[in-house]
Every structure is written in C-alpha cells, then in structure tokens.
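Since the structure comes first, as structure tokens, the remarks are kept for the end.
Lettered A, B and C in written order, each chain numbered from 1.
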Amino acid sequence: MSDKPIPPEATDFLYGIASRRSFLRSAAAVAVSGGALAACSASDAQKANLTAKDASGGTTAPHPATHAATATSLSSAEQMDAMHEAGIKAFPAKTEGKGNQVLAPRVEKGVKVYELTAERIQWETEVGKKVEAWAYNGQVPGPQIRVKEGDRVRVILHNKLTESSSIHFHGVELPNDMDGVPFITQPPVKPGTSFTYEFTAPAGNQGSHMYHSHHNAAKQVGLGLLGAFIIEPKRPRKIEQVDVDYVMILNDGMHGYTINGKGFPATEPITAKLGQKVRVRFMNEGMMIHPMHLHGMHMTVIDKDGWAQPAPWKCDTLNVAPGERWDVIVNCNKPGVWAFHCHVLPHAESEHGMFGMVTALIVTRG
Amino acid sequence: MSDKPIPPEATDFLYGIASRRSFLRSAAAVAVSGGALAACSASDAQKANLTAKDASGGTTAPHPATHAATATSLSSAEQMDAMHEAGIKAFPAKTEGKGNQVLAPRVEKGVKVYELTAERIQWETEVGKKVEAWAYNGQVPGPQIRVKEGDRVRVILHNKLTESSSIHFHGVELPNDMDGVPFITQPPVKPGTSFTYEFTAPAGNQGSHMYHSHHNAAKQVGLGLLGAFIIEPKRPRKIEQVDVDYVMILNDGMHGYTINGKGFPATEPITAKLGQKVRVRFMNEGMMIHPMHLHGMHMTVIDKDGWAQPAPWKCDTLNVAPGERWDVIVNCNKPGVWAFHCHVLPHAESEHGMFGMVTALIVTRG
Amino acid sequence: MSDKPIPPEATDFLYGIASRRSFLRSAAAVAVSGGALAACSASDAQKANLTAKDASGGTTAPHPATHAATATSLSSAEQMDAMHEAGIKAFPAKTEGKGNQVLAPRVEKGVKVYELTAERIQWETEVGKKVEAWAYNGQVPGPQIRVKEGDRVRVILHNKLTESSSIHFHGVELPNDMDGVPFITQPPVKPGTSFTYEFTAPAGNQGSHMYHSHHNAAKQVGLGLLGAFIIEPKRPRKIEQVDVDYVMILNDGMHGYTINGKGFPATEPITAKLGQKVRVRFMNEGMMIHPMHLHGMHMTVIDKDGWAQPAPWKCDTLNVAPGERWDVIVNCNKPGVWAFHCHVLPHAESEHGMFGMVTALIVTRG
C-alpha cells in the first residue's frame, strides 16, 4: 500500500465529481453524526441557529445586544465570509504540476537506479500563482524515493542548473564519500555535469528520511531541491501496517507556506475509509517550526527521524522543526472532513480565508 | 481543588497586604534558607557583598579594576536598576479585568450549559496599557471551562462582533458537525446571531484542551477569542492529585507577550505552600514558541495535549509550541519566590526591566 | 575524560598540520570507505563524474540538455564554488580567543572556588570580525565550570561592567537566595562590586546546566554573559561513560549565529577515534530554536535539562530551544568528516558558503 499514498477509490471520491461545490457537499455528507448534518449553507439542519441575513439573533438564546451589529458590518462580514467560502469550496483546487510522486526505479543488475534532473522550472503553488522553482524532475517536492533496507541504490544527479549542486541523503547513514557535502565529502556537481551516488540502504536505518541539495542550500532547498527518501523495513512492525501511507513535506521559503509544494486550497487532502489506519510522515524542509494540528482524532507518534520512539505517544498538535521527520498513526474512527493545518495561525489563515499550510483528512463511510 | 486554581490563603497572602513593597518583603521572608536572607535592598544579610554606592568593590574579593567603573556609568546603572526594581516591586500589579476565570455552568436537564458572548472590549494588559480585544464574556483569555469525562455539554456562542465567528474545541474529539470550522463543518456564525455546540465530553479524552475561534483565526484568536477547555477525568491518576491546578495560557500576538492575558508585572503569581504539589497546564495560543523556565525546582511532564506521556519525564525548561498543551507537576519543596518565565529572553526582559511572559511560583512556609 | 573535551591526539591531528589545505586533505583521508575516496578537487577518485570545465556532462549518464549551461553561468558558478571552498578549506580557522574553557577551581577548606570577572571585551567571532562582547574572564561563552554532586561550590562574581549584573545558575536547584534574580532573590551586583554565590551542588541534580546573567538579560546574555555549569554525577550511568565529552553552546544574538562563541569556519570540530563514544551537551543560550543535525550517524538522546529521559531515544536532528539542554551520545562507528549544523539553513549557509552554526564531527581511524 505504501507505493499508493492515496487509494484509488478515495481519489475517485475527491476528483470524480462534477463541481467543487458538489464535492464539498459530498464530503459534508459523510459527516453525518448522530443525526445532525454539518452544512455549508444556511438551508439545512442547523438553520435554526443561523439567521444572519436579518440580523435578528439566534433562536437558542436571543441576545439583547444583537442590534449593535449594523448593516455595514454585516455587509463587510458577508464579503469576508464569501472569500473564506470561495477558498474552501475550491479545495482541492487543481493546479499544474504535482510534487512528491513516487518514482519507480529502473533495476540494473539488482541495483535500483533513480535519475534526478535538477533544473529551473515554473511551479504553480496556488491557482494562478507561478513561482520560480529549482526542482528535481520538474516536481516540488522532488519525486518520492522508496527503497527497502538492504537495497542497493544508485541515484544519478544531472545538474542542469546555473549553479553547482549536490545531494545529501538526510538521515541515511552512508559512507562519508556519499554524504553529499561539497568540499568536505565530494566536489560540487558543476552545472552541466552529473554525479552518481551509490550505496546500500543501511540495515536498521529504515524510516522517513529526505534528500536535498547541500550546496548553497538555504537558496537551493528553499527553491525546491528536496524530496522524501523512505527506507521501508524488511520486517514492518505491527503498528506500521497501515492502509494509507502519506508523506507530508512542510515548507515555508520562497514559495510561501506549502504542504507538498502547494498552498491551500491547492493542497491535496488525505483520504481514508472509516476504520482505516493512516500513517503520516511529517518532514520539515523549511526554516520555521510547524506545529501540525489534526482535528477530530489524535495522532500516535511512533518514529522520530526514522527511529522508533521508545513507546508510542499521543498528541493532536505535533511540533515539526526544520530537518525533523516525525511519523504518526491516525486511526480513522470518525467520518468527516477534518481540518489539518499548521497551528502557527498566520501560516494558515488570513483575512481572505484559509491559505498555505492547510489540508484535510477526509474519512469516508465508503 | 481544580475549580480553585489559587487557594484562598495564598490569595490572602498575595493581595491582603498594605503595599507592594511590603508584599515583596513578605515574599522574600519566606525565602530564608539556611540562614541567609535574600533581600531587595542594600540593608540586609548580604550587605557585605554590596557596596555599590561608594564603588569600592565587594568585600569578599576586592578587585583591582574596580576603579574603572566611573561615577557616570554607576549613575546610569542606578537608573536602570531603579526601573527594574520598580517593575518587580509592582508585581503583581493590579489591572482591570481578569481572564481565565472558571465559568460555572447552569445545568439544564443534566446538560452543563455555558454561554459565551464574543464582543469587542478594551483590555488592560499592563497598568495603563489598554488594547482592543475581542473577548468571550469580557475576559482574555475567555472563561475557563471545566467539565468531566462523559458530561453532556452545551456551549452557546453569541456573536456580538462585526465579523462572523465560530468555536473550535481544540483537542476535543467531537462529531464532525461540532468541530467549528466554517464552510467545512458548519456555516459561519454571523454577527448578531448565536450558535449552539452540544456534545458529550468524550470518554478517554480528558485533559487540557482549548477553545477558540476558527474563523479569520489569525486575527480573532490573536485578539483574544480563546480559552481553556478542561476535561477532568472520572478516575484521576495518582500523579494528578494535586493541591493547586493552574492553567497558564501563553500568547504573543497583538496584545504583546502575555500570560493569561497580562504582561509582567500585571501577571498573576502561582502560590503554594511548602510541600504542596502544583499542576501547571501550559497552553500556547500564540504564533511563536515559548520555552517556559521555572527556577529552583524541576517540572515533571505528565501529559501532552491531554494524553498521558508513556512515562513522566523531568525538565526545567519546557518548549511549548503554538496549539500545544503540556501538563507538568511541580513538587513545591523549596520556599521562596521563584521566577517563572519564557526563556526567549526578548519575551521577558528589556532595558527597562522584566516584562511580558514573566510570573513567579511563590512557595510559602505557611 | 570529562575535563578534556578534546583528546590531545585529536587536537594534534587538527592543529598540528602545515596548512589548512593539507589539514582537510588529511581529514578527507580518513574518510576512505570501501575504496572510494572523498575528495576536494577534481583530480581524484570521483573525477569520472566531474567534467565541469568543459561542460560536457557527466560520464555516467550524459544528458541532452547539458549544453544549456552557458559559459557565463559556469563562470559565476565557479566563483560561488570558490567562495564555498575557501570557507571550508579555512576550517577550523584560527581566531583570537577561545570560549568555554574548563576553569580549574582553587580549593579553600574543601570549597571549590571559581572567580568570574564580567567585563567588556572585543571578541573575534570569525577571522577579522570583532564584536563587542560582555564576557566572563574574557571568554565567550564564559569558562566551563564542572563540579560534582555534593561539592561545596563558591562562585565569586566581579562586576567590571557599566551595568549591574547577577548570575542565575540555570537548572541548578539552589536555595532561593542563591537564585540570582535581582530584586527578587538578591540585590543587583552593582558596577565595581562583587557578589559571592555559595552552595552545595544538589544531589540528584547532576547534568548539563548553565550560568548566565539574570539582569537586563536579553542584552547581557546576548552579549556573552553565559557559560556551562556541569554537575558530574557521583555514580555515572554506564551510558554516560564516554571518550569525549563536548559542550556545545548555541547562540544567535548580537554576535551572529555561533557555536561556542564562534561562527564557521572559526568553529571548533569535535574529534574522536573510530569506535569511541562522544557525548554532546547541547545548550541554547539564544532566542531561536536550533535543530542540530549530525550527518552520517544518529544521536541517542539521554538527558533533558540534566534529567535522564525515561528511555534513551534516537534521532539525527534535535530541536534545541532557548534555555534547553539536551545530552546525546554518538557512537563514532564511521570514519570521516561529518557535517554537524543547525538545520535552519539560513543559520548555516549563504550564497558565500557555509557560515555560522556549522561544525564537524571528525572520526579518525587513528
């Protein structure tokens, strides 16, 4: 399952819909719980509570000061709400390019071979917002690489940038000459040249790692030269036998606040069926902390930087610092569309609505 | 005890005093330890060490370069010290308004009912410093809500603001339609209207949670629409049977650096008697980390986001990130006034003295 | 071993060399691993991969778009690389002054006596970059103080500054009057005077602590009035019986991004022989987080703020927040020069090369 982060039926659920509006109506429909229906317009179950247009106050507890809300403020509140609504209705907004796609290796004499071409591209982070990116294989984040403990791996970097570069396999315990630090462990990979990294994925070093440039890195990683490098264990623990395995790369650099290279509402939801287990692999490639908060269900933290924690522990807000990886398990025991966002609120919401580091975990009854 | 964060005798100790100056003298008096008395003027036990006025050097180790300190620098040092002293002598400074007060519910047919009115107020964060706040029931933080596992709870939000709003119960695992995210799980609560949240406090979900706006939240939470939501366990663990249960909400937004809505010296001390156990529930509603440092005694961390850690662990500086809650226990085994502050020093001290995220744990012999 | 953070043979290895260039060549020589030699010029083992000068592409996978790299960009890339190389070749660059040196006490009637003189100095953080510092005994960080559980300790502060000051022993559980907070636990120590702190290093309070000014601290600590205060245990645990015991103090204030008072390439490498165990005691005296990333080998976290974690746990990137101390063990099982840096990349690298919070762990075959 790990090669298919989003199961096809969930993708159908999300994308096989006539319009954004009907999508969210569908999504909301799964959120029925105990008879009350969460809704996006004033015309349904909780209508009794909402009488905004005439400003006459809620029915449950009429409030004396209600009249203080003037027509003017209502009107400006309506305008703000309309912007907020439009953002959410647009989710997941379709943009050009998708990062973090699993890259299938070609196998040569038992070696898994991955080719990564670094070059400058235009990258759409939100609908209509294109930025300069330096990307591996035209993706931000770069392609997701998944190998297994003990695999022989070859990663060939083709540098089509105007600067030298290199790749550091962050968290992977390699021989020194494969460590990817120019002038310390190798020469820089000059523009127009290639460099081959070859190594065995170390036994015992399974888990969530990363690869990224280690040359002029504040700029090069900031512009997109980064990706997930996952070493799958030979013998998975019971706790990591999950239905959905999702890599979530956080960033905050020159492309704005992004999850897997996109800002809300162009971020990708995570989808699961009721009763399924989801593993989220948080990776921070930015320069700020991002305490990720999941609504509705807690997360069980199992790994730090690919290493098992002595005992799993629970939380709903997990602080992910630059360079860190944290793996968590979510038991999807509650249907609905659950907001999932950075809790540094200015990374997630403005007067114009939610943006940046916001996505959702959608648990369907399907 | 949990409904009375500060035991009355401690409150008497703090507030039932003739003057700020005598207060701190009293506080200092409890700090006697092994015969040496900590003091706030040059006229007591450690006087031998302090001969500032004539700049003749300490008696314990006369130092050749003493004469380098000119009268000019001494005078400016004296001015600085006077400002620092004035700040500390003013603690706890009386300001208008007190946030985070426990709100007693009204009980209707077995349901605990809480009414929260959101409206714009003026809030005094320090003596003489009034800021615009958006507050629940006129308090910043909003009233503290304490329910018990399994309780049926109704929270009625009356929106008297000029913007729509909503309440998200952060950390509480509710049905989706009670999750409080406009356009995803409910319509926004328009100005002049009310909205009713009703749910059962989930079994197993006890601990330190929060409630806050989830609409235009970077602004609305930044202005004060937040509060503590505590679910008390049906069967408390031995380690959480404490004498003082203190909620400490950290913030850093438009109101400056605050603890429970106030900046030092207007912050509230925590008080306990020698031998008592204090639980501190840290909650970060801001957008920066706040590594909270307690002087003199360590903290034993028991819970993260309301969930028990696999094993308690000790520290003296606990990094609290936005959205996180951490619960710690302090065994008050040392009398005295113990500084308790954020260790990002610019959040706690300036040339004019301590300010912002500073308070004290006062352990009395009483 | 704990009194000698860097074993003499390693120091010889690092400093007893004819030139910086030959140093790094030597260092690289230890990095031989499985026959491939990591190299710093185009003239060795991985030469086949590097054909930058003629821009004809790597030999392993000639790439069609190679020709896109123009002579212009190559030339500017070469200039950038030259700057990066120069920085690394300069490491460890010799600067005036060395902080964090272990201070031997004088013993008076069984009391370990340390004298600390606070005064304004010029401090060289990088070659040619002198800054104003406020320092203890002319060092930034101040001298490292190491005592043992149960030791009677006297620390005499001589204030030769133009401001009052004080010392707080951060993490050490002292009687209130030794806590070092002016106007709360003692009078400020005026310019030209001295103050004596005397206490017994508390049993059970062993580990990595700090001392620093607690008066006008955002400025005074920012300018350098800080140091390590280590309490060695009477009975060390097996896991802390190490070959190299290294204190790494992180800072980010007025002196720039520093490790033990210096910015790369003037930082000091940590050196160990293959098979040795290194303990790193991270201490953050700054105002930002610093997630420290070690290449090539993981770190086993044993202590937080001097207190044993319930169980050791592993990572390669450890987030250290202001005021925190974290102790880790590294089993040096892989030879080579391993980059060791803050993973907030703008704290570690610019267009001009690595700088600031970067050092290396050098594991020699010796």
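FYI, contacts are C-beta pairs under 8 Å (C-beta built on N, C-alpha and C of every residue); 3 or more make two chains touch, one makes a residue touch a chain.
Quick caveat, the model's predicted, so the values are computed rather than measured.
Here the C-alpha atoms of chain A line up with those of chain B after a rotation of 120°, rounded in steps of 5.
Residues touching across the chain B-chain C interface largely differ between the two copies, under half of the numbers being common to both. With centres set at the average Cα position, the gap from chain B to chain C is 34 Å.
Under the contact definition stated at the top, the residues of chain C that touch 2 or more other chains are 289, 310-311, 319.
Residues 115, 117, 119, 156, 158, 160-164, 168, 170-171, 173-177, 179, 181-196, 214-219, 221-222, 287-289, 304-307, 309-311, 319, 321-325 of chain B are the ones touching chain A in the complex. Per the touch definition, chain C reaches chain A in the complex via residues 24, 28, 31, 33-34, 36-42, 45-46, 49-53, 55-63, 65-70, 73-74, 76-78, 80-81, 84-85, 88-89, 289, 291, 293, 295-298, 310-317, 319, 334-339, 343-346, 348-351, 360.
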